[in-house]
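In the two complexes below, chain A is the common chain; its partner is chain B in one and chain C in the other.
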Partner chain A sequence: MAKTLQERRAERQLMIVLLPSLLLLVAFVIYPAIYSVYLSFTNEALTGAAARAPRFVGWRNYTRLFNDAKFWNALFVTFVFVLGAAIIGQFVLGLVSAIALRRRLVFRTVFSSIILLPNAAPEVVAGFMWISMLAGGDHATLSRFVFFFGLPTADWLQVFPLAMIIVVNTWRGIATAMILLTAGLSTIPQEIYEAARMDGATPAQMFRRITLPLMMPTILLYMLISTVSTIAVFGLVYALTRGGPGGATELISIYIYNQSFTAYQLGYGAAVVVIALLVSLLLGIAYARAAKVEI
Partner chain B sequence: MKSTVERIEKKLGVKIEVVEYPAPDKDYLSKLLTELGAGNGPDLFSMPSTAAVADMVDAGYLAPITTEINAWDGYKNFYDVAKKLAVSPDGETYVMPYMLGIQENYYRKDVLEKVGISTEQPKTWDDLIARAEEIKTKTGAYGLLFPAGVSWGSGAFDEGFQHLIVGSKTPQIVTDDGKLDLNGEGVKDVFNVYKTLIDKDLMPVQPLLGPEPWVVPKYELFPAGKLVATTCGSWCYIFDWGRESKNPIPDVTKVVGTWTVPGQTGGQFVLANLAAPWAVNAKSANVELAKKALLEIGSVETQVSYAARIGNIPSNKDAASDPEFQKLTELVPIYAAAEKGTFLKQAAGFGTVAEGVARATDALLRKEVDAAGAQKILVDYVKETLGEDAVK
Partner chain C sequence: MSVAPPGESANRLRGDLMAYASLSLISIFCAIPFFWLLIASFDSNAQLFLRWPETWTFANYLRVFTKEDGAKWLFNSLFVVGVATFLVMVLSGLGGYALSRTRAWWKLPFLYAILLIRVLPSTALVVPLYKFLLTLNNAEGALLRPIFGSATRDIMRWTGFIDGYLGLILVLATMQLPLSLWIMKTFFDDLPRDYEEAALMDGATMIQRIRRVLIPLALPGLAASGLFAFMSAWGDFLLPLILLSSPELQTLPLGLFRAFLRINEIDYGLLTALAFIYLVPAVVAFGFARRFLVQTFSGGVKG
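Moving on to the complex of A and B:
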């Protein structure tokens, strides 16, 4: 059926409204992504002969990458980091905070302000602040705390580096999780809980049978956003450990930085970017399928 | 820099904008290379390490200054070692070698004398290690430090590996045809020194795996006498432990002595490199004008001013008679020894070698490999990065 004049006009207006966003998307997302794919097939570098005259090297960067133990280590570290910080830490604490803040607590405002505080500190500042807390020696906060209880002190970022960056990133991300999950909780009608209570359901049963199933779309959306953004975490961890000790906290983002701006191998760094992009894309599709939404 | 800028502005009739780049060196170089690669680098800039120069020449970032610098009167009295260090593998000069970094071993004379350990110059690597063992046994302190590991960045190469390789069985790592000779016996022997120090707990390891590895050993352990010897440069007398330090050692030049780094089986080595050499951007809007400004940076006045600020050694012999330099009493004795400085022949790929050494020593620090394993990490990394052909 032919479109009416009004429909065509509405479509045109929609295109005009969308055009600036589309142009920005092409300029700052799509073009750089395509250029990264191109770079990944060259030996482009920031210095040396390859900086003057880069050449096409075919699949060499990818072959090298899949044989590089440091790349696999970075992938593994990133997996554990995302699992620990985003999927377990931030989600669980965010959900607990969201549920707690729906109740009538005495210090509700204070509590919610405290949870939001970590987002007020810039990443690098937060990183250095945590270094002072987790450092070795008698004056570091955590060491003084454990010493007070008669426990042995340690240089926490050296002894438990991965666990520490998970803790720090969890601290930083609770607020985002809480806000998103609070929005999800508010969509659940209170009548359902009241009916369940009248039927004699326990709080645990209500949580398992009502809250979780009805929250699932929000949870999956949160997981998608949180997973992809945690894969890209750089500043906080770089300020804390620079990927060390010995690659123990070398996330894929830090590995990319090190290859591109420490070893100056832009082509190889781009190949890692492409793989990280594919991993993020696959995870995004998986979440979207689980949430049964179209993307 | 302020007085130099004013002088250049007055002499050349230009307006200069001074831009400060971030520290540490790694971040500084990354920013500089990114800007030069994008074609919008500064007209004149300094580089954090001699090792970066050959690669930057290959990249086409630096304008040659051979004709101008050789015709310049001020260059005649530069130390030969500075002039040699300034010449790139292609025979051209691209940098103003106005300051020298003179490095050797610094040790706590007071600590050794207190427990009756000899302060005499160690004669071989074994002698040096034996001294470190004696220090450990008699004082419980760490006996010796060579910077190592990925976190230390190019310092693992510039302030650690180079000290030992120049006195090894294979003292150069570049062949006549410009290839990197990293499979030599000397490289393995150098890594073996690190391994011995690490295995015998003679050098601090944990701090070197952290994000700012120099802080604990250089600024805490050494001033406290818990690390007794370390490689360092002339600047340490002023900044690390001297008058500009946050944790100064009283009477630093009296209680901290220097040893040259002994060779594997003999010989004494003082390492010389170019400290923050300046160069002209090949894509500068006015290369000729930038070259004129560069020559002004090479003046004795600027060298002395920099010596006071960064603790390095002026390359011009005329600085010796400068009254302002004579006030820098910590540097005067080191200045006299600058001519004897040893250095590695430069080649493209040194930046990659530096990163490879950092990775290899990092694995040694984590006790994951032996000396042969560390050498393999270095060779594999350089081959993967620069191609098989780059390594002999």
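Moving on to the complex of A and C:
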């Protein structure tokens, strides 16, 4: 019996050392998430009469939301952003880098270090650097580059804002894709390629018939991880465009920020938050299943 | 290995060349923005566009500390992120150990919960979080004002939840906890229980076991957990943007962002120097964290 008593004491001690973490997570993550559901049914605001005496307004924020063209625009912009940057841009460049880096090249570490570098840059620094790259006028780096190829220059962030933030986020995320896909590639046994080569398979055939199918679980995992983290992007785009021009780059995260802290509509902002939380939770459950996370 | 047929070595050479070409292009794409930042910060006449300096200078870096409040911003960032990182290391070390060793019913629900918390975008949480912190802050103010009177504001600068160090530190630390707990939990899973059981047999108390046995063994895991917490907290822009307003509390990302917004008097030399100062700790930490990247990326969401 003494052993169980000791065991029970050990269990209690384990719970005590976990308690501070639990308290912080409940106070600053779980409670706010639940609180946002409540807020979304009120007309809570940061200033004015509604801030002093918020009222329960039922589904009004949600009906307003579904009739708000700016909300649908934010959803659309976020969708294109995730598709262009996470699903296509980062994935393609990350896969190319991962495959190329499998070869025994002379500057392998140099290449991989440089590709990892954008991931290390803080969001605001990244945004600032790209303001320089994409500035208007003939001297900006991108303008000089396209001019070199005889193409017309432009004030890039004004003329192609959404395409540009996709380029910038791709730049920042190649590393994530490269790291995950490299890990996936390394699990494919080299013998399969040897055998295929013996049978006279071309590199293109080997990629389509061996690499892609065997990489599918990793690719799926990457898609989920990058989708979730790209939905959350805020600082990078905010530093570049603050959602403009005219809402062209107003991601759902920037829309929430603008509604809550520029227009001071906390209740309405919370309704957007609830939608964003629901979408993320669904993706998260899919992720937990796809990753077959060992617990 | 037999001698490769001539077609095969030609194939290999072509493949290598293609690899060099694509990696070079991608690397140029990745490196060019940094190149501008680096050389413009030493250019006495820095511009928004990339150019080779006519004269090199350190004056830009000096102006960060003389013309702007660079020293204060750097201190605030180091202080807030440093304390938050330390807090995360302590909490995730203890919590990760508990999560790894416990056999209680709450183990699985808790692990699933932190996995799901990791996918919640912090941009979605800030609205209710702000409102909640505002309530806490007002309550604290109402409590302190009768006691300290006019000195309340000075105290709240340290202990306030809005526009105070404490609030930002706690929230920053909390946001890093899910990943760090996960890292520490998996780390302790791989650590044999023999040492602790031996210590337990010898009658060591919980505190003794932690200090003499677990901390020395857990150092590599704590390093990983701390590095990721530091990188993420150091780069965070949203939380300081929302939680801080006093100029004397500004951190580096806010200082950089607000200095840039003053369109009429943009000093690119100063801005690039400031951005470079802000960038260096992030890159150094990333360099150290590199070998942990694979496990962390595949073991959880977000960088």
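Some points to look at:
Please note the rule applied: the second predicted complex is superposed on the first by the 245 of 295 C-alpha atoms of A that agree within 3 Å, B and C clash if a C-alpha of one lies under 4 Å from a C-alpha of the other, contacts with A are read in each partner's own complex, and residues count from 1 in each chain.
We take it that a residue touches a chain if its C-beta (ideal position, glycine included) is under 8 Å from a C-beta of that chain, and two chains touch if they have at least 3 such contacts.
Keep in mind the model is a prediction, meaning the values are calculated, not measured.
In the superposition on chain A, A:214 makes contact with neither chain B nor chain C. Once the two complexes are overlaid on the shared chain, A:33 sits against chain C while remaining clear of chain B. Contact comparison for chain A: of chain B and chain C, C touches the greater number of residues.
Judged by the touch definition given at the top, the superposed model places A:281 against chain C, while chain B stays out of reach.
When both complexes are overlaid on chain A, the residue A:155 reaches chain B alone and has no touch with chain C. In the overlay built on the shared chain, the residue A:118 is in contact with chain C alone; chain B does not reach it. By the touch criterion defined above, A:245 lies against chain B but remains apart from chain C after alignment on the C-alpha atoms of chain A.
Look at A:83: by the touch rule set out above, it reaches neither chain B nor chain C.
Using the contact criterion defined above for the overlaid structures, shared-chain residue A:48 touches chain B, although it does not reach chain C.
By the document's definition of touching, both partners, chain B and chain C, reach A:261. Residues 131, 239, 261 of chain A are contacted both by chain B in one complex and by chain C in the other.
Here chain C touches chain A in the complex through residues 8, 11, 15-16, 18-20, 22-24, 26-27, 29-34, 36-37, 40, 47-51, 91-92, 94-95, 97-99, 101-104, 106-108, 110-132, 170-171, 173-175, 177-178, 181, 206, 231, 234-238, 241-242, 253, 256-257, 260, 271, 275, 278-279, 282-283, 285-287, 290, 293-294, 297-299, 301-303, going by the rule given at the top. Of all residues in chain A, those touching chain B in their complex are 45-49, 51-52, 64, 68, 131, 136, 155, 157-158, 239-247, 261-265, 268. On the chain B side of its complex with chain A, the touching residues are 26, 30, 33-34, 37, 52, 55-56, 58-61, 149-151, 153, 206, 209-211, 348-349, 351-352, 355, 362-363, 365-366, 368, 384-386.
Residue ranges on chain A touching chain C, taken from their complex, read 11, 13-15, 17-18, 20-22, 24-25, 27-33, 35-36, 39, 44, 93, 96-97, 99-101, 103, 105, 107, 110-111, 114-126, 128-133, 135, 137, 139-141, 144, 171, 174, 176, 179-180, 182-183, 197, 203, 221, 224-225, 228-229, 231-232, 234-235, 238-239, 252-253, 256-257, 260-261, 266, 269-270, 273, 276-277, 280-281, 283-285, 287-288, 291, 293, 295.
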